[in-house]
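The structures considered in this document are given below.
The following pair of complexes shares a single chain, subunit A, combined with subunit B in the former and subunit C in the latter.
Up next is the complex of A and B:
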């Protein structure tokens, strides 16, 4: 029964080939497949060298059929041969998509390649043969290079094996978190590259060194404690007076031997990080939207559950059991919904409960917002009294309270949501929305408190400025017997009275927040997951009830909570990166550590989820939240840049009236005169406003056309439904479905035939 | 296997290294049956029982049907080429249409080119490990046919199936095995 498949196939296909007598061109991509065939067929050849087997094929085939001499063919025949070659090339391209058995595919492929090998050289004879052969060789080499490059790129993707392992144990939803984390890591790497390479390194290498000017030196009063770990951890001391924070940068217009424009670079990098982030997020959203297709969720509910709910990637028995259970539950839910949709009772009670739940949630949110505000006010008071007088808790109150709220409020929301009796997916979205609102509210209260602190510092600045002028005057009066042209007495920079630097303070606050957030996350992970797992495992022997099955059991991986945490963390980075160039670097480190720590924790302490979360539907949901956070987090930074004058004593913009004046200055001094004229015309409100209006109109137009396409889609679908119930209109059905496919895939509104047919119908 | 590449791209299928790796997996299943080099065009086929024991397939409720639909004799005996074919169709890079064709074959238990009620019942029972009551199974099968059947013959032809599966957002991500 089992025959050598090649010889049987050979006889069948050789007959066909003799009948066909057509030329086929070899496709560079199919090279290797052919080589494998050659390898298997030619017993005398070794396995290693692909090239030799090709030539062997040539020789053998050349001997089998009669030689075709191109010189004997007329031009028309040559032309026909070329066309046949092209057609066969198309066949080879589509061979991968054909559902033929492997054997047939391989034999057809080999046939084509053998024949083409013979004719390719032949076609190239005559005029331009050398050029043709050279072109073919270059194409082959290029394809091989492309393929090697693709392989190399795939091998470079980090953490692929880890994610595959997690995917096979926990399913695609948990793995989607880690893929999201990896994507974020990529973004942060670019942001780090920008801030490090264009801001931190130039200042460190080419700017004035530490200790040369007052702003770069630790003041005399703080020098004693500048190296203490506690101070450094709090980003004070030497950490504060370094390239890590805004205040260190000098406002010299051009530094170094090639005149690097430091303030301009600082400003543009700030703008560039935001622009790059927008671009990447929107591009990813668009790609996700395209991939998710045009299908609506309701029309094939049960069919999709039946045919696409099993995740073929699952290779672990425990995960498989959970998946079976979750599929069963999902079916039961759908069945219940189907039965329930025919009856609806007690809608008033449900509505009342939902309103009550929302009211409770609002109270909770308002309460947490007020708590944050109160705590921030208190910490401002503490700061005025001097931080050394208070305990560790009082000093870090704000950050601790924010982190704790972030931990406990979602649990509270979870409990409240049981009142609402929603479908679990809807309940999850409400949950995510509420947690989002919680984090947003908290963040904004934090920012408002920060603005208060900034205003305080600015008032202080005025006082300090006055004091400094007094101090300088008194200093020079003391040595007043000299002429005014006498060289000034050098004062050590550490002794010069310093102005307050609100930008550095803002940067420090963000760094502290990120660090405390990170610490909270890791500690929660270690205690909540690891310690719990250890306790459950080892105390189970000597406990009254089964710890593993009942409370507390092993924890599940909280995908949505972790994703939200990641998104908000990134929001804080975007907000603070302008004032603390070290933030992207810090975040990169944090994400790197998170990846390894969480991968380990998931595999070691977590069990697969009971209800395996569907990964596909929420991809764009997370991206949309990221976009909202991006927008909201760049607003405060932009506000401060545009309205608040920079500190007079620190940072690259000191001395200017507004930070964006650096652009004006660059245009005036570095560019030719006509450029600044053009720019001033372009930035004229009379030009900018109509442009914005035009863009708004374009958006409106695109929105309305897409709406009309969607409506047309729905209409046609309805027509299709009506038509399919009449089997005699099968032809119309075919054409209607063809139209539907056209609309859905090519977004063409109506074809003429479609209109005619539908009108006929 | 020291090879770090686990993503089964189109180019890699052709690549010497991946075929080597697949061959070593194939060889692992029955070292005494599968020869190490293929220059002599050996004709060995591995039986169903060996192949469904692979870790990638072991937990899959449809593993028997998967292997059967890629085997030429319909009994699940796979030669190496069919083995490669199977994993290539189930890989990330296979086009959607190709996957739909094979998915249809897999779910068609009685191999009559239609997904009739019995096929759906069998599919459902495998998916839920027979946890649903017969009435519930009946309801689901009815709803499925109602949703997807376009030509009104109370069973799903390939056209119906393809029409339904092409709109499914999860199909590509779930009908996917990584090796």
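Up next is the complex of A and C:
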């Protein structure tokens, strides 16, 4: 019988030529096809001899076009060809999941791909053929382009090779810190883009220049020292009177030739940074939630440990040894735990010790909170007396104490937690929670102290306002003219008495805090890691005990401490970004330097940890903490925006009653009248309350459905376990029966031997 | 100059260091301060005081009671770095497994480890113990004879080990050492090991046990072990003698011979 493939022998040959005419591709492919055609022709020679001579004639012809081909094919043959091509396509897609050896898979793949390529173009009919083949070619080109673009995107990810190298040496938990750092860098880049592009650049380019109005000029009294490095480092002098801080911005409603609404932009950028951060964090949390929870079962504990403990990304012998040792240790611990859970003796002592440990930790937290409060009060006293009278240490006391406490208290918590005798993962969570409480307490104490300073400045404001009116009155009286037609006497802006600016002060405090925190981190890194490593390496020759194995030894990379530091740093940025638009830029610089410095320090000074933890479980934990910090750090900023009136003499909202009045003003003046009416309807409590109620109901509904899904999941798992037990029983039954058969066989053989012996006798 | 608040901020660090390294502080107190005090008060050296105690509290001829008396004195009264009960058990087990006939001990100090080894030796085995210090050697000799081991079983050589080892083959007619126990100065571990190799006193299967390789530590010795490839080695991890929190280890080497 003539098979469909054979009858199309000349058909596909002509089609090949057409493809040649149309679009050039791989020569090798063509040769292969010719060879294949030749093979097909040879195989079908016996059946289609008269045809081959025809084909040879047609080979020389070479001018045939598409009109001849569709007629060669009958509809059923076309149908069969289409089915065959579809089948080959399905085979290619499902090839990965087939349990074949690799060589077989590769050979099948190549054959199917060639087949599909050859015959795909043949499926269109008549004039539509060209279009169809063209469409097919474009689809293939598009897929190739997409693949290349994916490769390019992967190559563009910054610092990927560095992080992979660290991962191969130190395991995935240390690498997860750097991946987290990189993610933060991305967020800060967007925040920087917003503040720089929409706030700092417009004011710098289109606003009034430096020195034109009082708020943009360094006061006469401070001019002498405005360029000193010490003053600039403290964010005073020229740094204070620049786009970096709130106080520089003018409250002009629209600036520049295209009427850029500066105050509105400032306000919306402030709100937008917070909104964007919320969105990104929650989206990442949702994505992580899908991937978590695998293998955390309490059943089959030892099986999970046996088959899934190894980290395949390790590329370094020392790390592999360490990982091996840590897996052994974790097995020993799991066995001990099993033994101990069977016998729980002395639970009262354990409970007492845990309560004692928590009490000690609370004492430490209270002590640190009080110390910070005391120090902040002292610094306010110093500020009242005038900062020049005090040494550098006294001026920067607050920041130093906060950084030092943030560094030393976690170590104390770690030591206290050895009393509690928890499982290491539980102990780590307690540790993280305590460090979190410490940082939070410190931050909020700092903010409360700042609030006191703000109130002080506002009281000062009233006094200064009175003084300014007196000064202006005396000035105009002095000229002697009663009419206001006289030209106003120009006063240099530096000489005008200035109102206090609490927003700039807040911004400056945050900038100082961030800078001192950064410096403390870097200095700790250099001394605690690098200097220690240098000492251990070079003093080991002439020291009485082994420095590498004994007391100092090389330090390990503290993942949780570093991650928490990063999270709190970001919290401070969120808190202060409204009052100091330079903060996202500063943070971007800091993260950039941190990345390189810490990558170098890790590779150069640290050794892999002895206990290696899985990073995946903690990922969502860190995200949750970030979310909490985001919420808690935007609270003070929102509180100050909503309750405290802006300063009268500085910033984009000066002269308004509250900062958010700018929205009202924009709605009234820039939008048509009906818009503000709609907005006022929408913000009516009668509409907002039912909306909130609806959202609460929706949340409740989603929560209960997710709970029911979880329960269904658990049921399915139980059923699966029962089935495996049953199948285990079945397998055991089979094995037993095989055993019996073997024994029976042996007995038969034995009796056979016996019979043979007897027969022999 | 520096404000009291900043000084107070260092308090958690101080507390952490004290709590984390409390065992080292305790060890320092017992091994150094108490020793200096007692030296000034009694005028005897530490080993003589130990010997006095053992003489009064142990049964002559009974190695177990002598070892017990030593342990009690070292853990309750003062500190001497003998091998201790826990690591001693590991040593006993290794000796039982190996059953060596010729044993060399470098550094007898008070004689505790000598008695311990001699107790676990099979019949016909002979222990050579090398001690550098004259006074310590005198006390060790008394203790060994008090335990009931005669000259056939234990021979005490009073000379530095780097002078004795080259002469072991010629003066003492030793061909091969089955077991070597090192407990002398840590910086001498590596030179003595290399001397033993050079003079061909080790055969295939000879076992060498070196004490205190992690604390105070013998880093050059361990580095040599890892690199040279002549030994199958492992470290038995335990705690320092008479101390709970300080980690220490004993290295066990089995000589494989040059391939």
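The rule is simple: the second predicted complex is superposed on the first by the 621 of 761 C-alpha atoms of A that agree within 3 Å, B and C clash if a C-alpha of one lies under 4 Å from a C-alpha of the other, contacts with A are read in each partner's own complex, and residues count from 1 in each chain.
In the analysis below, a residue touches a chain if its C-beta (ideal position, glycine included) is under 8 Å from a C-beta of that chain, and two chains touch if they have at least 3 such contacts.
Just so it is clear, the structure is predicted and the values come from calculations on it, not from any experiment.
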{"item": "Subunit B versus subunit C as contact partner of A:154, first or second or both or neither", "value": "first"}
{"item": "Partner chain in contact with A:164 - subunit B first, subunit C second, else both or neither", "value": "first"}
{"item": "Partner, of subunit C and subunit B, that touches more residues belonging to subunit A", "value": "B"}
{"item": "Touched partner set for A:683, first subunit B, second subunit C, both or neither", "value": "neither"}
{"item": "Subunit B versus subunit C as contact partner of A:548, first or second or both or neither", "value": "second"}
{"item": "Which superposed partner A:706 touches (first subunit B, second subunit C, both, neither)", "value": "neither"}
{"item": "Partner chain(s) touched by A:397 [first = subunit B, second = subunit C, both, neither]", "value": "second"}
{"item": "Partner chain in contact with A:212 - subunit B first, subunit C second, else both or neither", "value": "neither"}
{"item": "Which of subunit B and subunit C A:411 touches, first, second, both or neither", "value": "second"}
{"item": "First, second, both or neither for A:313, with subunit B first and subunit C second", "value": "first"}
{"item": "Set intersection of subunit A contacts, subunit C complex versus subunit B complex", "value": "none"}
{"item": "Complex contact set, residues of subunit C against subunit A", "value": "1-3, 5-6, 8-13, 15-16, 19-21, 24, 214-219"}
{"item": "Contacting residues of subunit A [partner subunit C, same complex]", "value": "364, 368, 371, 374-375, 378, 391, 393-394, 397, 400-401, 404-405, 408-409, 411-412, 414-415, 540, 544-546, 548-551"}
{"item": "Contact footprint of subunit B on subunit A as seen in their complex", "value": "1-6, 29-33, 35-36, 39-43, 45-47, 50, 96-99, 101-103, 105-106, 147, 150-151, 154-155, 157, 160-161, 164, 167, 172, 292-295, 299-317, 319-320, 324, 327-328, 331-332, 334-335, 338, 614-617, 724-725, 727, 730, 733, 737"}
{"item": "Interface residues, subunit B side, partner subunit A - complex", "value": "4-7, 9-12, 14-16, 19, 37-41, 43-45, 55-56, 58-62, 72-73, 79, 81-82, 84-85, 90, 94-95, 97-98, 101-103, 107, 120, 123-124, 127-129, 131-132, 136, 139-140, 143-144, 147-148, 150-152, 161, 163-165, 167-171, 173-178"}
